[in-house]
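In what follows, chain A forms one complex with chain B and a second complex with chain C.
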Partner chain A sequence: MKLTINNSEITVENGATILDAARILGVYIPTLCHFEMPEVGVVNRTGTCRVCMVDVEGRHNLLPACSTVITDGMVVRTNTPRAVKSRRTMVELFLSNHPKDCLVCERNQNCELQSLACELGIREVKYNGERMKFKKDTSSFSLIRDPEKCVLCRRCETMCNDFQTVGVYSAIHRGFSTTIGPAFDLPIIDTCCTFCGQCVSVCPTGALTQADNTAEVWTALYDKDRFTVVQTAPAVRAALGEELGYKIGDDVTGKMVAALRRMGFDRVFDTNFAADLTVMEEAAEFIERLQNGGKLPILTSCCPAWVKFIEHQFPELLDIPSSCKSPHEMFGAVAKTYLAEKLGIDRQKITVVSVMPCLAKKYEAARPELMYGEDRGYVDCVISTRELARMIRESGIGFQSLPDEAFDGVMGESSGAAVIFGVSGGVIEAVLRTAGFLLTGEPLQDVEFHELRGIRGIREASVNIAGRDIKIAAAHGLHNARRLLEDIRDGKALYHAIEIMACPGGCVGGGGQPYYRNDLSVVRRRGETLYECDRKNPRRCAHENLEVKRLYDEMLEKPGSHKAHELLHTKFTKRTGY
Partner chain B sequence: MPLDASAISPELDIFIDSLDSRDGVLMPVLHKAQELYGYLPVTVQNHIAERLKIPAAKVFGVVTFYSFFCTAPKGKFKVSVCMGTACFVRDAQAVLERFKSQLGIGAGEVSGDMMFSLDALRCVGACGLAPVVSVNGKVYGRVAPDDVEGIVEEYLVKGGQNDERHKD
Partner chain C sequence: MNRIRMHMLVCGGTGCVSCDSTEVKDALVREIMEHGLENEVQVTITGCFGFCEKGPIVKVYPDNVFYVRVSPDDAKILVGEHVIKGRVVEKLLYGDTPSDIPFYKKQMRIALRNCGLIDPEKIEDYISVDGYEALGRVLTGMTPQQVIGVIKGSGLGGRGGGGFPTGLKWELTAKAAGDKKYVICNADEGDPGAFMDRSILEGDPHSILEAMAIAGYAVGADEGVVYIRAEYPLAVERLQKAINQAEAFGLLGDHILGSDFSFRVGINLGAGAFVCGEETSLMNSVQGGRGEPRIKPPFPSETGLWSKPTSINNVETFANICPIILNGAEWFSGIGTEKSKGTKVFALAGKINNVGLVEVPMGMRLGDIIYSIGGGVRGGKSFKAVQTGGPSGGCIPASMLDISIDYESLSETGSMMGSGGMIVMDEDDCMVNIAKFYLEFTVDESCGKCTPCRIGNRRMHEILSRITKGGGTLDDLEQLKDLGEIIKICSLCGLGQTAPNPVLSTLHHFYDEYEAHIVDKRCPAGACTELLRYTIIAEKCIGCTLCARSCPVPCISGERKKVHDIIQEKCIKCGICYKKCPVDAIERK
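Up next is the complex of A and B:
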């Protein structure tokens, strides 16, 4: 197909849109609703916003560039007066129905509608009609829906339906009352939402944002009677820098630790320590199932969004996930027992804060089976990478001029196996390293499993350990999880172990990370950083972690022990909901 | 009259099973369901979602898009006030208002005893008789607000007779 855009000629594949061609040519056409992540097969081409309107010769009306498929010989102009005027008008109309609280909005300076208004030089909102009023949905622990800020782009719906196959969102009601929301106008907490937060990741405005837990953290930090302990998930260190003036993928572990200390945390620990602990428990559970005819495949249970997905969608398969708690919950349990005892502090005085790349962890921390006593969780508070960045800025710490500092001891050491928990395929690779050692009694020759890495939806590997072929799969995106689970249910999948992560690329692409703006190369760079951290670590395997060893010696005895089960394992619940 | 899941009649499933495909059949299935139940409560919408393997939010999206579908039960007597252009200019609004106050319900609602439901709708094709009201299909023409009490009275009398449905 040949076409001309602004006098430049180009030949493109059949089925390409005007926008595709313009991007190849380097011709910029502003968009709002459009987004695509071809690496994972996600495209939102709803054409609802009409911001990308262009002039096509011989056509009376302007056409949306994002959803108009090219015909041979098309002559397109992107910058005719009426195309430019139409774009402005569309954005002005959006603004006329949009709250004007940008200054105090979560997405201030990070909002695609705001950027467009700025870019198009809009200085007044000409249309002052009635503004639609909707109720905010603050029912969940993870995210907030504010339909008044919604521009009906339907990106959230595409992510939820196509990438996650959860289907919480749809366009509901009609005309001015149209909104993107759950069935029966239910509050999100009453739906089958997994709280993965990918809807928040792709939302162009402040219509979907994270639940804000920073105030609780400040309260705990200011309270002199509280002993505050913080842990940071592996994926945080590879993305936090993006919010604080660093390049994509820069590892800012040392400065992050220094900043947390200066914010006032009494101890700064690493969730990686607990990831190593998770490997010990999960590898032991895997071997026990493998050798004693237990249920296989074993599925990882680190991702709380994935756990909630299986609870809703495949309640008949709840005996296949590992019973291990997720690493940050294991950390909380150990902090309020082992650490409390070691430091001689009453656990009621300890506040455990988790810094996570994830919004589902906020909900997970409130799961009743992960509480002790009436309403106290082992983890008291979960904030996202974005929230931590905001707290660092707010506290006036000059992040870039901080020295690099190391995590505190007792629960701060970690192996290379732990840091790759943050990237899809990393958990199962970490478990293999230790399971291989435990099964053969000697270290594996090669600890890197490259077949399990990468951005493909489902990766597979077959590993020969102690004369036995172990079949492994790793998947990201719940649509891939659904495929695997259907095969398992129908007896078609013959795997020994499977890792599943809900978010694209794993936790590095989590719903709590700095916005990756539909650009998966950002997510990939963060993943590469974690693999780099792994390579640089002299200890590559969880069982080499001396602090974890000490924890078993002093309290837990051995992986899978009664005490370990009491503290480090959990159970799953059948759930219904729309 | 809320329906629980067990009250979903086999007729709906028979209809769904009779379709050649499960794709693109949401509209006919919703039409059938409304014909069977008179309205589309949550249980029915959810049942349809499960049978057609689509998210309940999608079903709800379609149900709330088309004004033909209703999610609340209708009364024994369905009062419809035409608000089409001809009726509108002959002050159908005043007639609607009188029905609201007479029945104590708003448009789109049903009375507590399930006797009357009230709807405002577009042109019924009897513009010469504007303003027009219909009750269960029976058309009343040139209705004045003061006629409303009489119309309601007529059905209150009927409602008291051989009423099988509301005995309990």
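Up next is the complex of A and C:
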């Protein structure tokens, strides 16, 4: 297909849009609603915002560049007076219906509407009138919905409906009152939302943001009577730097540890320690099921969004996920028992803070079965990578000039297997490394399972361990999970073990990570960093973690023991469809 | 054997039914039974005659007498005089003529051919007026390409508003790849005041089913969907009956008339969203989704209902199909103008004497429709404008009454054909207020998907409200124009793309009225209450105190037998004093 854009000629593939061609040519067309991640099949080509309008010869109306498929010989002009004027008008119309409280908005300086207004040099909003009023939805532990800031780009809807097949969001009401929300305007807590936070990840404005738990963390840190323990998830170290002046994918573990110490945490630990612990428990459970005719496949249960998904969507399959708690919950349980005892501190005085790439972890920490006593969780407080970055900035810590420091001992050591928990395919790879060892009694010759890595929706591998072919699958995106679960339910899929993560690319693309803005290469780069960390670690397998070994020796006896079950395993709840 | 010597056709359209035409029919039947004439005189409920202003209507054949405003009480005299004695009941005639009514003189009824003629609930009636003959001819003697060729040759354009060539639409759908295709009949008639689709479905449902089957044969579809508003219960009921009858007669279903062609029709009820008249919104709605448009292309002919190639046509378009097949493309293309072929049904409404449905050849002078057929403006007032094309059409001023009614000429005036609404306005109508009224409709009915329609139209409406309340500035007019143009060229679907038309066309043709609201703070038509000013003419006031006693505020002062005065700051412009004054001493400006 040949076309000209602003007098430059270009030939593009069939099916390409004007925007695609313009980008190849280096012609910039502003967009707002447009959002595509073709690598994972996400296309939000709704053409609703009308910001990218361009002039096409022979057409009376302007056409949206993002969603107009090129026809041969098209003559496009992006900068005619009426196209430029229309674009400005669209942004002005948005602003006329926007709270404009940018200075105190969560997305200040990180908002696509704000950037657009800035880019177009809008200095006044000609059109004034009524602004739509909606209530904020603060019902959940994970995210906040502020429909007044919604620009109806429908990205959240696309992520929720197409990528996650959860379908919480759709347009509700009509005309000027239209907004995007749960059916019947239900509070999000009363829906089947998995709290994966991908809607927050893709929201261009402050309409969807994370629930803010930083105040609780500050309170605990300032309270001299409290012993504050922090753990950081694997994926955090590969993304935090983006918020603090580092390149995408830079590993900032050492500086992160140093910063957390300077913020006042009494102990800085690594969730990776608990990831190794998870591997031990899950590998034991897997082998137990494999050898004793238990239910297969076993499904990993580290991802709380995925767990909530299966509870709502496939309640009849709740006997297949591993009963293991997620690593940060295992960490919390160990911290408030083993660590408390070791340090001689009353566990009621310990505050466990998790720094997670995830918003679902916020909700997970409040699940009743993960509490002890009436209202105390093993994990007291969950903050996202973005929240940690904000706290570091707020502390006035010169992050880049910090020395690299190491995690504290007792719960700070980890293997390479643990760090890849942060990337899709990593958990099952980590479990395989240990299960292989446990089944054969010898270390695996090759601990890297490349078939399970990458960005494809579902990856499969068949591994021969001890003369037995083990069929494995790893999937990210709940639409892929749904496909696998339907096959399992219908008896069409014969796997031994499956790993599922809700977010694109796994936790590195989590809902609590710095915004990846339509660019999955950011997520991929973070994943590569984690694989790099794994390669650099002399210990590649969980069972080589000496601190974990000590934990079993001193308290838990062995993986799958009664004590381990009491502390490290959980149960699931059947839930309804919507 | 019965020898029916006389037929009494009672209008069964929704308009007449709501004026008790069912009771009229029952009363006529009772009277006829009482006189033992049931074997000679048959009373039939038919579809709409179109002359709704004068309903309920009863037409008597073979005498060809047209009775208007018949009440159930008139049954006695109708039977006693007309049926038995053969004397026309003059008091029930329109004017002094039993037939040859001016309302019908210049009409040419193709789409409405059977409305008011047959019993819509009897397939036999339809068959007796050549019903299903076109389908028979198509299935036995024509290839799909030939059918498409005839429709293309006729020049028939989409009657839902766009005017897109129907034959071309069928051809595109026929050529689209796919083994499953659909035919949709768009009966989501949403324009306020327009009811031609309803009347056709109520009066001649089989003609639509037959045409849909022909379309199905032409495009290669085996399934048809009629998307009809749930607010049309009578049409739905008659359509369902028609489907059942056609299936029982083997005219719908498998192997129609022994051919290889199978076609079924289902009904889908719409919930009344105006935007669902837009084809892609309609299809989303059929699929159970939210009624909001999709981006085009791909067009429905490639990716339509359930992503299958779909030909979607409006009711009135379908109503033209069978006559074209039976009479040939040339017959049809001989009617109308060079570019707009055939006839068009208009729904006359507003300040016009003969409210109702009229079908005229394309190219008729606008003034002829309003004066010769419509009988001119009601109450002897002066004609100001006619609004065509539904809520997103435009207003055409008196100076343009000579234009020809066709797609092109209407577009040139800044209005459009739309589905054929024609609302007449007189000197009492304020054009700013009218523009606001129509825009309010589209603001309410916007689906909210795209920015210009969702926010832009709302902002325009706010500006108009400001102007009608006296708070407008001349800058506002520039803003209205700018914003209106941008909304037109930027909106996603036809609703948004046409919504500013009433504002832009009135701005163009009635700029001085806008100015009067802004500069003089005055509404020339006296319709914008907040700009009105009631004053007492001292010379006329007799001091009767009636106005002061009636004023609800009260804001009128004055003693008995002395001139009264209205305190302007307090006046709420309710107009009660104006109505009560026995000597017309209160002036409204």
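Rule of thumb we're sticking to: the second predicted complex is superposed on the first by the 577 of 578 C-alpha atoms of A that agree within 3 Å, B and C clash if a C-alpha of one lies under 4 Å from a C-alpha of the other, contacts with A are read in each partner's own complex, and residues count from 1 in each chain.
Rule of thumb we're sticking to: a contact is a pair of C-beta atoms (placed from the backbone, for glycine too) under 8 Å apart; a residue touches a chain by one contact, two chains touch by 3 or more.
Only a predicted model underlies this, so the values are computations on that prediction, with no experimental measurement involved.
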Original post:
Where does A:Asn161 make contact in the superposed view: on chain B (first), on chain C (second), on both, or on neither?
Top reply: first
Original post:
Thinking of the overlay built on chain A, is A:Arg174 touched by chain B (first), by chain C (second), by both, or by neither?
Top reply: both
**OP:** Using the touch definition from the top, say if A:Tyr578 reaches chain B (first), chain C (second), both or neither.
**Re:** first
Original post:
When the two structures are overlaid on chain A, which partner does A:Phe184 contact: first (chain B), second (chain C), both, or neither?
Top reply: first
**OP:** Examine A:Thr48 and indicate which partner it touches, taking first as chain B and second as chain C; both and neither are also allowed.
**Re:** second
**OP:** Based on the superposed arrangement, let me know which partner A:Arg82 touches: chain B (first), chain C (second), both, or neither?
**Re:** second
Subject >> More chain A residues in contact [chain B versus chain C] >> reply: C
**OP:** For chain A, give the residues common to its interface with chain B and its interface with chain C.
**Re:** 170-171, 173-174
**OP:** Note which residues of chain B are touching chain A in the complex, please.
**Re:** 42, 45-46, 49, 54-61, 64-67
**OP:** Quick one: which bits of chain C touch chain A in the complex? Just the residue numbers, please.
**Re:** 273, 290, 292, 295, 297, 443-452, 454-456, 458-459, 462, 479, 482-483, 485-486, 488-492, 497
**OP:** Show which residues of chain A lie in contact with chain C when the two form their complex.
**Re:** 45-51, 53, 60-62, 64, 67-69, 82, 85-86, 89-90, 93-94, 96-97, 126-127, 129-130, 151-152, 170-171, 173-178
Original post:
How about chain A: which of its residues touch chain B in the complex?
Top reply: 161, 166-174, 181-184, 578
